[in-house]
Structures are given as structure tokens and as C-alpha cells.
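Everything below concerns the one structure shown next.
Chain lettering (A, B, C, D, E and F) follows the sequence in which the chains are written, and residue indices restart at 1 in each chain.
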Amino acid sequence: MPNDLLIEQIVRAAILEDIGRGADITTDSILSEQIVARGSIIARQRGVVAGQRAARLTFALLDPRVGYEILADDGAEIDARAPIARLSGPARTILTGERTALNFLSHLSGVATATRLLVERIGSHRARLVCTRKTTPGLRTLERSAVVVGGGSLHRYGLDDAVLIKDNHIMLAGGVGAAIAAVREKIGHTTTVEVEVDTLEQLREAIELPIDALLLDNMPVEMLRQAVAIVAGRVLTEASGAVTPENVASIAATGVDLISSGWITHSAPALDLGLDIEATSEKRRA
Amino acid sequence: MPNDLLIEQIVRAAILEDIGRGADITTDSILSEQIVARGSIIARQRGVVAGQRAARLTFALLDPRVGYEILADDGAEIDARAPIARLSGPARTILTGERTALNFLSHLSGVATATRLLVERIGSHRARLVCTRKTTPGLRTLERSAVVVGGGSLHRYGLDDAVLIKDNHIMLAGGVGAAIAAVREKIGHTTTVEVEVDTLEQLREAIELPIDALLLDNMPVEMLRQAVAIVAGRVLTEASGAVTPENVASIAATGVDLISSGWITHSAPALDLGLDIEATSEKRRA
Amino acid sequence: MPNDLLIEQIVRAAILEDIGRGADITTDSILSEQIVARGSIIARQRGVVAGQRAARLTFALLDPRVGYEILADDGAEIDARAPIARLSGPARTILTGERTALNFLSHLSGVATATRLLVERIGSHRARLVCTRKTTPGLRTLERSAVVVGGGSLHRYGLDDAVLIKDNHIMLAGGVGAAIAAVREKIGHTTTVEVEVDTLEQLREAIELPIDALLLDNMPVEMLRQAVAIVAGRVLTEASGAVTPENVASIAATGVDLISSGWITHSAPALDLGLDIEATSEKRRA
Amino acid sequence: MPNDLLIEQIVRAAILEDIGRGADITTDSILSEQIVARGSIIARQRGVVAGQRAARLTFALLDPRVGYEILADDGAEIDARAPIARLSGPARTILTGERTALNFLSHLSGVATATRLLVERIGSHRARLVCTRKTTPGLRTLERSAVVVGGGSLHRYGLDDAVLIKDNHIMLAGGVGAAIAAVREKIGHTTTVEVEVDTLEQLREAIELPIDALLLDNMPVEMLRQAVAIVAGRVLTEASGAVTPENVASIAATGVDLISSGWITHSAPALDLGLDIEATSEKRRA
Amino acid sequence: MPNDLLIEQIVRAAILEDIGRGADITTDSILSEQIVARGSIIARQRGVVAGQRAARLTFALLDPRVGYEILADDGAEIDARAPIARLSGPARTILTGERTALNFLSHLSGVATATRLLVERIGSHRARLVCTRKTTPGLRTLERSAVVVGGGSLHRYGLDDAVLIKDNHIMLAGGVGAAIAAVREKIGHTTTVEVEVDTLEQLREAIELPIDALLLDNMPVEMLRQAVAIVAGRVLTEASGAVTPENVASIAATGVDLISSGWITHSAPALDLGLDIEATSEKRRA
Amino acid sequence: MPNDLLIEQIVRAAILEDIGRGADITTDSILSEQIVARGSIIARQRGVVAGQRAARLTFALLDPRVGYEILADDGAEIDARAPIARLSGPARTILTGERTALNFLSHLSGVATATRLLVERIGSHRARLVCTRKTTPGLRTLERSAVVVGGGSLHRYGLDDAVLIKDNHIMLAGGVGAAIAAVREKIGHTTTVEVEVDTLEQLREAIELPIDALLLDNMPVEMLRQAVAIVAGRVLTEASGAVTPENVASIAATGVDLISSGWITHSAPALDLGLDIEATSEKRRA
């Protein structure tokens, strides 16, 4: 779970994107500063919660006096109508922060919900569902956290923390052996090496080299099964390409160790959430 | 279309999110700095292009020597297999920037494609499709631009550039009349006022007040038709709530002026795109 | 009134501009950290207060232990010698923040005072005094707030939240009709359109087109009167150009809806303010 | 003259403050990207130019293809109607950057013009006119540069680069001797010490101590004359407080070394400038 | 090697730290803008070069017209008096950037030189020298690059890209087994696990668990030898703690795979470098 | 001592450099959020403490609930095994912040310790030890503060707050007289002028000009003695170049006013420090 320090600038930018260069002119014109309100964030459909930290920080940055009580932790499965957070404090701030907080929660809960769906379809197969670098620009750290609370697992964060040798690298290096040799000479001992292969022939070549995992790119289910058999547990196998809720179970049944999905981060539909509010009193501030 | 200055920090953050604190260790270990390559960004499905500016800026920030020729402008409708941009320059930079550029293009083209779908279903009806503030945190300016190139129109940017009085405001203000009066006293003459109504009764009350538009929230098609009849062109009417590709045509047929959709920004599936690359030579830099 | 989040970086930059890369070497050399002081910010001339939020934030960012009690709210009219805020806390911080806080208060109170002067001269005429984009670079959000508390009203914030078609646009577009048509096709329904005219002939052409307001640029008072008569309430009229305390009343008497002034933001003399301080004790911190 | 690197963030913030989160919607709707224009920045009143660097950088940051030719350097005295810069390039960028560039030039030329006025009134007296820390928040480095090109001289930049012991310091330290001793122990050898005195008695005490300059605060002209006589050249003398164009000559005649003015930075009226533009052709970009 | 994009803000901050809020007042007062100069950066002692990228970027950010020709690449071994870079361009910029560029080069070349020294002492032993997280705050990416060009290898970058279980973790987890189990459940498949042990008993317990490497903390040479024998190649072994030029060879002789040193980053003496300059002409700029 | 506001971004960058884009995966996987711990930062060698402010801020930025009690103030001389700070709070935060806090403390205490060593060797001679601009990029404000608590004194901060005319300036200006005249015309009255000389001949020329200090560059001890005699107290004298713990006393004995050392900032070995930790309880948060 990323530290607040890390996501603070993401949340700050999202707030400023919404309040712009002025203020919430609707709210500030209509409500006095003294009105205090209570509100609840309510799910309008079934799903898995994610993004509570970003939502809470949204209100905290606007005004530390807003209380944000989490009723459903990240990872919780909730039904339509379930309240997931309770808010209290200055009515102005609650209304001003509403959309930004809901945008974080809806998007990230959408990611967690899509992840959970695939994970459940994988069921008791050994495969772990992993995310990719196909994330929404600027939100990778939050989306990865949503994948984890949805039950998924992590792939490398970016270009600097693990090696993934793809077809373009192999082509430009003049062969998989040359590519792996070049990489092994440069990387540190904590860095792992994965190689992408498209055919069983490539796989047979790569499996003899010093690697940690194989990415089986866009292979049909039957070919995946053969690949798993050839590898025979010597390195990890990752099935990748066009994974959908429909085909994920049959992919998992091939015995691969990992199934990676870009869909869960780049195309997961947002979870529908809303904010119900009620005024409580016109308490004067001390 | 936002100025490069405006999106530069978004693109910069996205690049740094991917290259992290080090570098593309795979690419830099395997390829020498001198290798020059050409590449093409290719559509893998039908859709509408958006995000060319962010994609081009991605490579420009990494290395100004990369050439990025746009083959399909923002807004162009493209078929599967169509090339949408041609790249040339240092192979390292092309590979390092690939994922970030594709993430921008896929996400924003997804938004444009979803928008175009709804716009086409609205067809010859008068209604304009407008976006909402239900955008992905940090990407609003880019997503709004994608909506426009998809054929949609713009709603207010954020909380500070137009008034939208919602149920919570009315409730806390003690009535729609009080809310509008408070707002009118504060805002400048360039600022317009829109009011959300849920019932025809509320509509009849609001239409007598000094407003510019009415947001008809979650009304069934038949009620929308009545609302349009009552308003009779005195102010703009906006249908909002659960707009889908399936129901957008019948909503448009009610005669509303505007149909707003959060789906096009928060849940549009990414457009599938890829990068094909070829090495050209090991040209030494001057 | 802009949110603290929005002005925090402005205030932070102003503080760092003054304390530079080190510290307040005079104060830190002379006073021990333990000395506690009380102080008052005092007006040295009559005027209207503005900038309390920025001043309070100046001290809060330097040290949250400083108490800043506002004695005259933004918008209050004060006499020479009136205290406008009371400070208490570490003497070092009060002295270090003094100049930055006073710079905000003096400048913004100057803007509010100049605004109030013009507003009072307009008196019971219908015209509202509005600010322009002729603001001090970096301070627009604060200056606009000062205009409002001074009794003025707001024009568009910047280039993106309303349309103002000027002579250069018309000339390059090949006519006012072409310009308005182009704009109307692109903008959203919350965006208003204002057109600048220099002559009554231009006015007669523009008034027939779909616009919301007319900017009457540098017209003599008699021409303004004719313009108002021709427009006859169909759109808003804004008198602009060389508005001074001397001529504002006669401009208002022409019946225009709006009078815009750059002078109130770019040339308002600062309000003279000072800080009186007294040591209280050498209380040791807990 | 501050380096571009130093003022880049000031200029960037000013541009973003004006184009907001979108774009110049008027200009971008009306003009095609291909239109090329020429323009001139013209003085509308007599004055001294300052701010050319910030103005040029404004256009350069928006689009490096804009040419900005300086016709009147910072410090040049210009008449009404004199062109001070010639612009050429994309018409859109010239119109979009116009207001921000003019805001820098008008404000800073106002500062330079006010400075020049005071300097000329000082005439052949030995006194140098110096600025203070009473600057506009965020613009100190630019305003100081404008003071210099106006003929003024510099005081300390901020709290960290020179010592200025004021009445509050002396009061809290328990005497001017204690204050100076404390400071001398802490500061480096490149740091100078100035002490503020209100009376001749204080002056006589301070002049015996190891200081570099005396700030004669709000002394009437006759008292200044006596002060200068007492000091007799042993340290520099600075007259401060309510310096105006009317009284500056008589202050200078007292023989003080320095006269400091806050008015030149916090209250100088903006210099009136405008941009004249003409379209040249619809040249397609390569 | 980190991308320029990544180090740009480090270099920018370093420049601003030196030129402060004004300019190089010495240089700008003395030299006209037109003077062009040539200069050479010269080593004043033997060592290994590192930091060329940061040095070149220093001048490029100040003024893109400065030419910076690298004469000794990062990693090159140079003698005292060897020129390592040749500069040409505006004399002002060369003098203004001199100290910042030299500070980067001296510090990073110091790191590379210290690394090379240890690597050479390890000689033909199998051990690779690796850096630690004991780096200078703010400079980790540059220091790691200097270690690599010095011949060292990389450990994990930070807390997020590999697992290193230390004594405190084991103590708070209630045992090494519990700690490893907890970690293995959370991390992705690209993440490796290293465990710190202080005794051979701990080593025997840890070696049976699913780990990738063992950090042998502060073990005497003889104990290291036993540890290597026990591990027998099943996982990587890393010797850590008080590694010096004096003892590194005997540590390497124990057969460990890795030797980590904080000394090479936190205590490496700077390499002495200087800039020799000569004026060339007073060429007017075009 | 720099204000927290000033060093906050340095500390923030250092933390983010270590936790990267995710989190402390080791700690967060192993420890529950509820575990509370106590810890002590312990010296592992004799030295002088510096950097407490940065270390405390490290933990405060990660989590304000961490208590950080300073046991040895900046400047205190401590023995090996002495505790210098006591920590309490969430165990996760203490472990996550440990390395960053120790990196600040070790580096800055190293600077303070090296400074103290030279100061003690200077002993009762009149010379003050001053730092230079040869600092670690990004850390100048902190290193200068460490020099002061170590007993040293400050030279100019950077290029903008004092004049130091070096050989290159004199050469390009065509003589020391021309250089000083140019500078004197431009600088303000709070700015001092120092000139670098290599020979007694240069010294004799410079001493007749209006300067405040002379930098005696790389002069042997005997020449320094002659230089001091020639200057005879008319300006300050600064010995510079290759100052070491071995020769500093003999340099001081020459009677110079100042001795400047780059070694104390660019090459001071880090002070060895460690963190001892113990769990206290699994207290649930309120």
C-alpha cells in the first residue's frame, strides 16, 4: 500500500484539477462556512472496494477537520446500497471534495472488482493473476494497490526494477542468447530476468539460458499446455495476451504459474458510487 | 486542445512512473546507444484516435531527436491494422517510451471511440453529447480533449467555471429559490447557472427562476419528454444518469438539448494499439 | 475565496523568496528560540482589508504554533491606527514572517481599497465594477478575491473559461460573424460569448449575432449612452478603457451593465500597514 | 539580471494562471494553426522599459517558433507610441501569450519608470536610491532587476544575505549593543550589518559599535542633516520612510548615502502598453 | 545510466542552490555577454571519471549554446593533469556553471574511484562489489551510476524493489520463518528475498527457507568462510559490514558472491578537479 | 539553522528516493500496522552531531505520530555508544524511515566532526575556519549548518550574495583594477568584495583597491606570513587551498583571519550511526 507521502501529489493534483483557480463557486455561494454536515458514500452496485486512502486524503487536504470513517476496507466485497465510508464536518468541504474522492474510489474499486472477477474464475488453479504496465498514466501506484486488494499479484513496477526481454529486444540484439548475456552482465543480484516467447521453438531455446521466467505471448490454450509441459517447472511461466473473464479459467487450467491482464487496469469499468448528505446544524467554529 | 505546456507535467509524471529511479534496464543493457530504429504505432481494432499530442510529447521529453510523424490525426476513424504514427530515431528511446505513449493513446482513443459511438447513436437528433466531471484523476484536460475529437461537447471543467446546483445544495440552502439567489449575487456575468431537478414539480419551480439550464436527473424517457415540453426552449435541458449506448437514441428522441455521460470518461475500454519496430542501422551520432 | 490548498504554493514561494537559502540571520542570531511575543498588525491609513488568508497562512507555514487572530475581516473598512490582526507565539517566527505577511496584506488591501473607491463612485447606478486579466503575474486568484471583498465583481478568470472576441480575432477571422460562428461551434453550453466593439457600426452588426455581452472599448461617454440605447437590454454591455476614479461615475450614468478596470489590479497603491510587537516572556517550550 | 532558469517557473506559473486547465478557447476556435502573424508591442505612455526577458520567455515557453525581437532594451527610455518589441510566428501563440507578456512588461516597466523618476530628482546628489523588501510576493527577483535598469541600486535581497537590526530586535535583545554582539558572533565575514535608529541619541550609541551602515528611520530632513554630520562618513547612512517624488530631492540634499523606497516596488503604477497585430499569411508548417 | 529527464531536477536544484535568487554577480558585473571562452576541466589527481552527464546538463540548462565535449567517458581511468572535458561558449555561463559542474564531477568521480579501488583489490576472486542504500540524500541514482562505472554492481535501489529482511524484522515478526512466509505471500514473482544473518546458527535456519540470498552481517573472515561452505552455492552470499580497502581482499578470498560497501558512497573522498579557461574573442551574437 | 520549510523538499525527495513508487515491501509485509516500537539512534564512533532537524523531519513527514526526542543536540560531542535520539511510534514507520534519517545524520555529523577537528587544531590562533562552495549538490544549506555547529564559520552562500573575483575574472576583465571597478559600480551597499591573489605582487596591487578581503590562493606558509604582514590588517585575509588536518595549525600560525576548507564538506567521512529497536506492544489505534 503506497505511503500517503507518495500519493499526496496525485491527490493534490486531482483536487486542483477540479477546483481550478478559484473555488467551488456553487457551494461557497450557497452555504455558509458554519454549516456542518454528515454524509455517507454508498455503493450503487456490487463490487470490491479500493481507494479508501486516496479518498480520505482528498478531504484531509481540503480541510483536516473533516472526519472520514472507513466502513468497508480496501478489498471488502460490498453489495449495492452498502455504505463504505461515513463523513462528517464542514458541509462546504464535503461537497467540494465529493467528486474527486468518488472519482478515485470508483476507478480503483472498478480495478479491484475486475481483478476479483478474474481471480475467482481462476479458482483453485495454481495460477496467480498479475497486472501489467498497461495502467492509466499517473495512477500506476494506486492501480497496483487496487489489483492487490482485489486478489491479484504484482508484476514488475516499471522499466527499472526487473528485466523483461521482448521480441523487439531479441530482434535488435541479434538473438535471445545475446540479449540475456548482455543483461546478466549489467544487472544486480536482486533483479530477475523474464523472456517473452511466441513459439515453442523460441521457448526451447530460451529455457536453456539463465532466466527466471518465461512470458508466453498470445499462445492458444493448447500451446500453453505444451509449453508448461516443456518447461516442467524449471522457471515460472506467464500466460499473456487477450485474457478475458471468458477464457481465463481455461488458460489457468493449462497449469501456467502466472496470468497477466492489462484489461483489469486499462479497461475495468468504474464502480458506481454516490454520496448521500444531510445537514446537521449550523455549529459555529470555536 | 490543451497547450503542451499544460500537459507537459502530466506526461513527465507518466514517464517517470515507468522508468522509475533508474532506467530501462532491459533496453539499455541490450542495445547500444548508436542503434537507430523505425517503428509504427498500429491499431489492433477499429476506433477513433486521440492522444497524439501526449504520445508525441512522451518521446520528445525522452529525447528530442526522436521523430514522431502523425499518420492519423486526433479524431480520425481508423480500422484495425491502420498505422497511426511513424517513429524514427534512437532505438533505445523508442523502446523506453513505447509503453507510456501507448498508455496515453489507448486510454484516450478509448474515450474518443466511446464518445463517437454515442454521438452516432444520437444521430440527427438535436442533442449534443457532453462529458461530466466523472473523469480519471489527473487526466481531465486530456479526456475532455478526447471527448471533443470524438464528437462530443464540453460541460463545465470543474467547480470554479460554472454553477451547477444539485439536490444537496438545494436541501442545505432550504430551497431552490434561495440557492439561485445566493449564487446570482456572487457570480460574475460570464458564469452560467444550471440546476438539477429530479421531478417535474421541481422543474416547474426552477423554470421560473433566473437560470440558464436544467439538469434532468435520472428521469425516465417519458418524463424527459414531458420536461422538454414544459421547458419549451426557455432554457437548455440536459438529460443525465445511466446513459448507455443502448438507451441514448431514445433519450435523444425526447428532444433534450444535452445528454451527459460519465461512462465515456470513466469506463470507456482502452483501444488496443501496438508498436512494430525495425532496426535500421548503427548510425553513429554526429 | 480561494481554498488554502490553492494559495499555499503562492505563499510558500513568497516566504522562500524572503528567507532565501538560509534563515533570518538577524533574528536568529539575536533572539533565543524560547522568546514568546505578541504583536498587532496595524493600519497606517484608511482602507479596505484584504489578504487575511494569505497572511495567516504565511505564519502557519513557518510555524503552526503562531496564533493569528483576525480583527478585521476581508472587506472591512478600517481607519488609520486600527489593528487588523493579533499575533502571538515564538518571537522569531513573528519577525521572520512579518514582511511577507505585510506584503500580501498591503498589496491586496490596496486592490480592495481601490475597488471600493470606484464602487462607491458608481453609487446607485446599475453598473457593476468588474476586474480584468490585467493582474500581477502569479497573484490573479488573490487579486480577484480582493476585488470581490472590495465590492467588485468578476470577469472571466482567464483564456479558458469564457470567450472574449477582440479586434485582433475579428480581423484575423475575416469578420465578426465568422468569428462568432467558429466559437459557437466549439464551446460548451456553459461558456458565454462576449464581443469587443469600437464603433456603433460594429455594435449594430454584433448585436444581431448570438452573443451574451458586448465590450464597448474606449468609447466616449456620449457614445456609450448611444450604445446602451441601441442594445436596449438584449445583451449585457461592458464599458472598458481608461476608467479612473474621476470618470467612473459619468460612465456609470450611461446605463452600462458593467465597467471593467485594470487599474484596480495593476496600479492600486499598496495600503500602508505595520507590525507592532512586544515580548511577553521567555517561556520554555514543553 | 536573473538567469532564465530562475524566472522560468515564475513565467510558467503566470502563463498557466491565464490559460488555466484548457486553452485559449477564443483564439483556438477562431484561428487555424497555420495562420502566421506579426505584431508589435507599443508603449502608450512615456516610461522606462523593463521585463523584456520575462516577456520573451512567455512566448518561448508557449511555442519556441515565436520570434521576439527586442527593440528597446531594459532601461531604455521610450516615448508614447514607441515600439518596444517585434513579434512574429503562429498567430495563435501571439494572441494567447499577449496578456501575460504585457502584464510582466507593464508592471516591471512601471517599477523602472518610478525608479527613474526618483533617481532623476536626486540628480547630482551623492545619494543612491535603493529598493526594499516591500516587493510584490513572488516577483522580487524581477522587481529588483527593474529597479536596477531604472537606475536604482540594491539593498539586501532577503532575510539571509545581510543583517538589518530593527527596533523590534533591539527591544527584544535588550539593547543595540547586545544585538550587534550577538550578530557579529554568528555571521560570516561577507555579511554586513546595518542598524535602524529613530533618534540622534540612538544614532550616537550605534555609531560607536562595529556596524557597516545606519538606517535613519522616518527622520525629518533637518534631523537627517544632523545625523549625517554626526556620522561624518564613518559608516553609510540610509534615509528611509515615506520617500516620495516630492521630497526625495530635499532628502538627498542632506548628504545621506542611500535613500530607500518601498513605493517604487509596491505602488508604482503600471506602464500602459499594447500589442498591435497583423496577419501575414496562412503558411503551412513543414 | 539514468535518463536526463530523471536527473534534470537534481541538476536544476543544484544550480539554483548556487545562483540563488539573483545571479552570479561577480561574473555578470565584470564580463560582457558577448565574450566567448574556451575551457578545460582538468584532473588534479589520478582517478576514475563519473558524472559527465550531470556536468554537461549543468551547462545545458544554464545556456544551450555552451558546447561540452567529453574527453574522458564515465568509467575512464585518468591521470593527474588529464583533461576530461572541453567547454566552449559564452564566458559568463562557463564561469557561472563551473562550481556546480565540478561539484557533481568531483563527488561522483570520488565514488567511482573508491569503487574501482575495492574492485581491483578483489581482483580475480568471484565476489562482486555492490553498493548499499547508505548514499548521500538526493543523489542515489547518480551515485549508483558512479558505482557501476567504477566497476561495482548494484544492490536493490530502495525499499520497494527487493526484500531484505533484517534483524529488526525478524525480531518483530517472531522468527525468520514467519517473516519469510509473510513476505512470500505478498510479493510479486519478480521480487527477490534476501535475509540478514549474524550467526551460523541463524544461517542454518535460513538456508532451509525459500530465499534468494543471505546477507552475512559483520562476520569475521573465518566465519565467512564457514558460511560459504555451509551455503554451498544454494543461494547467493553477501558479506557486509566494515569493508575497507585493507580487508576487502581477504573477505573476497572466503568465496562469498557479493561484498557490499557503504564506504564507497557515503565516505569516498572527492576527486580533485579544476577548470582552466581562456577568452577567445568578443564575438557578437547573431 | 535553516527553517523546516526550506529543508522539507530536500527531506521529502530523500524519502521518496528510498521508498520509490511503492512502499517498504519488507516491513509492510511482515509487520501489522498496529505494532508500536521504541528505538534509539546510537553513535558507533566518536564525533559531533549534526542533522537532527532533517532526521526528525524524515519521520514526521512519514507519519506525524512518531515521537523523535533529541538526546544530543546539533553540535554536541558524543562518544561511541552514546544515544543521540529516542524514537517511539508505529514500528513500520520507524523501520521505513531509518535509513533516510541515518543517511542525513551520518553525512552531516561527518561534516560537523571534520569541521570540529580543524577548528580544534587552529586552537587559540585568531583564524576562523570557513566553508566553501565545494558542497554536495543539493545539500548546501544543511552542510553549512553542520559546519556552523561544528564550530566553523560561513563564507558566501553562492554566486549572488557576495563578490569573489578569481583569476579567470581578472584575466577576462583585463586586470584586477578593471574587475573591481566594474563590480563596485553594480553591487549594492550590503555586498562585500573579495579578491583572489596567487602572488605577493598581485596582493600589493589589490590591497590598494576598494576591497573587503583577500583570498590567498595556494600560498605556502611562509608566503602567507609575508602576505599577512603586507596587508597589516587593512582587509581580511583568507588562506585557501589544500588545507588538511595536518597543515591547518601552521597555516593558522601565520596570522591569517580566515582559513577555508572544501574538504570538510566534500570529503568528510560519514559518522557511523545505527538504530536499535524494540517492539513494545500491539496497541490498536484509536
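Following the convention adopted for this analysis, a contact is a pair of C-beta atoms (placed from the backbone, for glycine too) under 8 Å apart; a residue touches a chain by one contact, two chains touch by 3 or more.
Here the structure is a predicted model, which means the values were calculated and not measured.
The interface formed by B-E recurs in B-D: of the pairs listed in A-D, C-E or B-D, only this one shares over half of its residue-numbered contact pairs with it.
If you compare D-F with D-E, the chain pair joined by more contacting C-beta pairs is D-F.
Spacing of chain B relative to chain F, judged by their CA centroids, is 50 angstrom. The distance from the centre of chain C to the centre of chain D, each centre being the mean of the chain's C-alpha atoms, comes to 21 Å. Measuring from the averaged C-alpha position of chain A to that of chain F gives a distance of 43 Å. As a whole-number value, the distance joining the C-alpha centres of chain B and chain C reads 33 Å.
Shown for chain D are the residues that touch two or more other chains, namely 17, 19-23, 28, 96, 140-141, 157-158, 160-161, 186-187, 191.
Residues of chain E touching chain F in their complex: 10-11, 13-14, 17-31, 35, 37, 54, 91, 95-96, 99-100, 102-104, 106-107, 110, 133-141, 157-161, 163-166, 168-169, 171-173, 178-179, 182-183, 185-187, 191, 262, 266-267, 269-270, 275, 277-279.
For chain E in complex with chain C, the touching residues are 17, 20-21. On chain B, the positions that touch chain E within their shared complex are 12, 15-16, 19-23, 28, 61-62, 96.
Residues 1-3, 5-6, 140-141, 144, 157-158 of chain D are the ones touching chain E in the complex.
Of all the residues in chain D, the ones that touch chain F in their complex are 128, 130, 148, 153-157, 160-162, 186-192, 194, 212-213, 236, 238, 257-258.
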